[in-house]
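Quick one: the structure is below, and I'll ask about it shortly.
Chain lettering (A, B, C and D) follows the sequence in which the chains are written, and residue indices restart at 1 in each chain.
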């Protein structure tokens, strides 16, 4: 395949105050129809730009590969967040008007799995899958075509993206942490697939829906599978969806993006999206933790933080993880406090600034870690 | 009672980056112990300042009244939100770091009602009430004294306030809308009390908990009542809690605050908090709507809005509610669009700015209105 | 003239992070060449939207008028500021990255007047005028076509607008205050023209250049006039430029906009831009003050403000202009402070929010007022 | 000297909306009166926190040193900027209400040098110096004690700090760039002193006053020197003031702070502030450039930037300094653009985020570099 075989469409997902349209570029590559379809988006949170570079590196390689499945790639998924500056940094994690996290506005109609399970209980698996996929897309469409006053700005963006995602069998949402090591949000049932990414740290998440793209993509299918199990029918979850956390925000690194593209291609190759491709996972120890064991560590006091825990590194309970400097107390107290955590853990990410209030999220830790 | 009988305490609810404490002033007036205790707070959302003026006007009157119950008054409930400027306006509706709405961080331990209902099933009502109140406060304390890294900035503020609120029988959280008429959030079971406020519009809310102060105050008691009903025991909900929406944000109006104080004193008088006081509700038609019928109207297009619907006024389906000016389309389209709503309604509030994106919340409407 | 005779062009003034162009709509009406050319822009500051409605009302009337001069109308002059939200309000007074006021980035090459005065000292007035106009436009072009790394975001927007403005003989920049009465910034030499607007309050400004559009438009011509005076040649200032302050920000009012359009048409009619038109100024007392007598009143303490001075109204020295409520001092101090100003004055505008720090600009006052 | 000999005072520099005071901690160490007095402040810009750590490391060493001159140390110099969050980052470069850069609000009364030069023309140098110092402090006091409505929030903070600074002979204002190498702003006349700091890059600045602390400290003395030169009297500039740019913002690094403290102590030792101390500058090549040769490089297009130029490193004209990724143009253009600069230069700092608009300041470069 060469660059000419990639097509581009710019979808309109809203309108801003001066009337100009909000558009998102969508790139599509056609497969031969024998493999699963793939949807990959990046930059839903404004500061998390590295995924755009990964999509660039994916396109650079995909244009010379043969595909079994279709691949849809969406950089700049959030045209508001991407362009929302406040000082030098990008304030694009939440709608600046409402505070709502842009990645908590996707939809899951919880009535749908049981409806479809009931309506199509006599169908074979392939028909059932096609029917459910169609129902999911129709459900999104019914929202997009409801009364024109019924959708928030963020919901309209989310639904437009979700409509694309529901047409795929594999969904990857590319994010980053603030200052962060690489990690993968993986639904528990897809644990085996996690080993095909070159990502050392894996969070296993349950089937609860909290509004994120990965959940919005796999929860309906997981739920369908559970509905059918009640009928006594075994039906594998048909869709895999991951949030891939690429590293730190506010950064573009084309060489790291090339590595990340290879990691994703390794997974896609495993899923038989590619024809005769030579992408394979790296040998590495992969560490996992359950979402309930992913612990946020909030600043126990206000101050200026020197972060000490190596990201991706294993720390022992009681080891120093940070200094907090409190210069207004130089004479009255110990002005340099040392913090530690009371559990063995892997430090996955830390806050992006040294200045913290009491209660600011300083770190997130994997605890009760096990090898995958 | 004179001003000398009011006591003040400044509680510390956090620490900011330069190490200075975040404090909140708490004013207390003692009753003779024969009436219910009252907790009133204001300004949890930074721009919603009018409640501070209402507390001022309450204090000015309370200092010459005799009280049966204790009254605790907390202005400036959120020392971060109150001081968070972005341009001329106050950006204090959500934590500027995380986007979390400051009024969605209160706690409700859902296990508590059934535990207490079980443990104290042989107690009389008064003992049961005292035990549950104690359990609620202890539950908050257990959070405040947990590991020092376990609380977010907003949670620590919320828990400190909630600890005060749980000691009362009546809780009022003073808010405002953006540009808004007065309205009252009232739990369904306390509907009769709504008529003692001089507020024309009443939203009746169910027992669902979504993190707000009013819900955090009444949901546990509602839930306890339901648990005891399962035991076959009738136990009235012991606490009333309301969110009082005073009008528009970013404004202080001392004369309106005096009216609002009278409205609150009328309700407190009805609840027998005051001794021999002459506060009574005004005669007015009060309109109510169920929370599920409280409809948000989002801008169907981006543009510059002239708001036409009178706040607090009854509008008919299809009547103009706004013009949207779209000057970039002066030649290509009708540049002045007229919007309407498809239901009869009361317009309760509208957005604070003329500039809107497609999907910005333009109005909120009461629909399926009935007289209280 | 009918709507068909209006032409539209969208000029590109920049590019945002996701690569999309920043465009500004430009509307043009052709005159018969016998009158002065006019440039009118609106909404350079994001929250100051009412000027767009005035341009709408101007277009609605101009399309049925005959024109002597060309008229260029630019709504939405700042595609970044217009769309910069922070909470419900529009944070568009300054570049969110740098803090630079969008209306302080225009250019005035101070060397140009003396250069042109020297080079064309033997020309007649009309030739000199044409040469200077050409030199001003060429100077802007030289900036726009300099090294591609040499312009800030705001400068590029400003220069593109200024290039249009320099082609006109009359320049109106439509602004609003925060909460404000109407007033006009008028260069001292054009004082007589101020009486043709229906604006009660006029600020007379000197020839100093501080980066604003009005100054950038008239300072070069004022300076040229002074250079020629040194040669002993009398040469009237050829361009008039005004900043028209329409009232309060964040509001669209189509009926007020119609009045404002009439006010501008009255001035344009006086300047012989229109053919046989019936627009004349209203009879009213117009009050003026020199820029040096335009006094900012900063909050002498932090607190919550009730604004008392009527905007546009005459206040006496010592009269109450505001209450400041300080609820954290209810017991320790007088919690309600009354502010006054020590001079007789006209209150022109006040701050947009009740919450103020010590030192926030509360009011701006005309002092040493005289009738125009 | 031990820690007991350090004194602390918290000065009140303002009040916020909920009435709480804005305070700044001031640490003082007494010398024996035989050396120059020193003033060092940090963190005037909210995100530039590393200076606080340098003050910590200075105090840790100064407490065991003997001093000739007094030393005043002010961390957290800006209690508003320091605590102004917008998302994870600190938005403290400018007043969030007005956009004014916090480091452009200091005062220089340009009439003062000639007045004092005239009044004290018969005094000896020491008397003249004392008189001018006194006049500078009195001038600040006259501002601080003017009408209580006459000062902006930022001006009140600046004047309070400046009053402390004017009492010193040496003034250091500790800043950082966004992502930056170390560099020093040094007035041209104090060039020789620059070699006593361990800082490789030195910007030589002229005597123009633009509102910054360093300028506000040395410009009056430079100007006095020039006034006296007109009288034919040679009078060395009596005060040295520097802005020390420590590296990148949003970071605390205690080990780098220790190095920076040593660098400052080396300079202070050279100026004979310390008794028998062993701090000496490191041997290194120091590169200088004139302020007029310090070139900002603005993004020639919008996009996502990979920064390539090594900070502090020498780059050649035409070498790649950045990639700009423009993923919306993957098919229509070269999506990965390479940028270069047209001069040999040293890259001193770059923007803090990968996301840039056309016209965002990407880099600042030393050009026409020479060895000091």
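In the analysis below, a contact is a pair of C-beta atoms (placed from the backbone, for glycine too) under 8 Å apart; a residue touches a chain by one contact, two chains touch by 3 or more.
None of these values were measured; they are calculated from a predicted model.
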Please pick, from C-D, B-D or B-C, the pair whose interface repeats that of A-B, with more than half of the contact pairs identical by residue number. C-D
Tell me which of A-C and C-D has more C-beta pairs in contact. C-D
CA centre of subunit A versus CA centre of subunit D: separation in Å? 42
Rounded to the nearest Å, the gap between Cα centres of subunit A and subunit C is 47
What is the distance, in whole Å, between the centres of subunit C and subunit D, each centre taken as the mean of its C-alpha atoms? 35
Spell out, as numbers or ranges, the residues of subunit A touching 2 or more other chains. 16-20, 76, 82-83, 85-88, 90, 93, 97, 304, 327-328, 355, 357
In the complex formed with subunit B, which residues of subunit C make contact? 3, 6, 8, 10, 25, 27, 46-47, 49, 52-53, 55-56, 59, 75-76, 82-83, 85-91, 93, 178, 250-254, 304-306, 323, 325, 327-328, 330-332, 335-336, 351-355, 357
The answer for subunit B against subunit D in the complex is residues 16-20, 23, 76, 79, 82-83, 85-88, 90, 96-97
Show which residues of subunit C lie in contact with subunit D when the two form their complex. 14-20, 22, 80, 93-95, 97-101, 147-156, 297-304, 326-329, 339, 341-342, 355-362
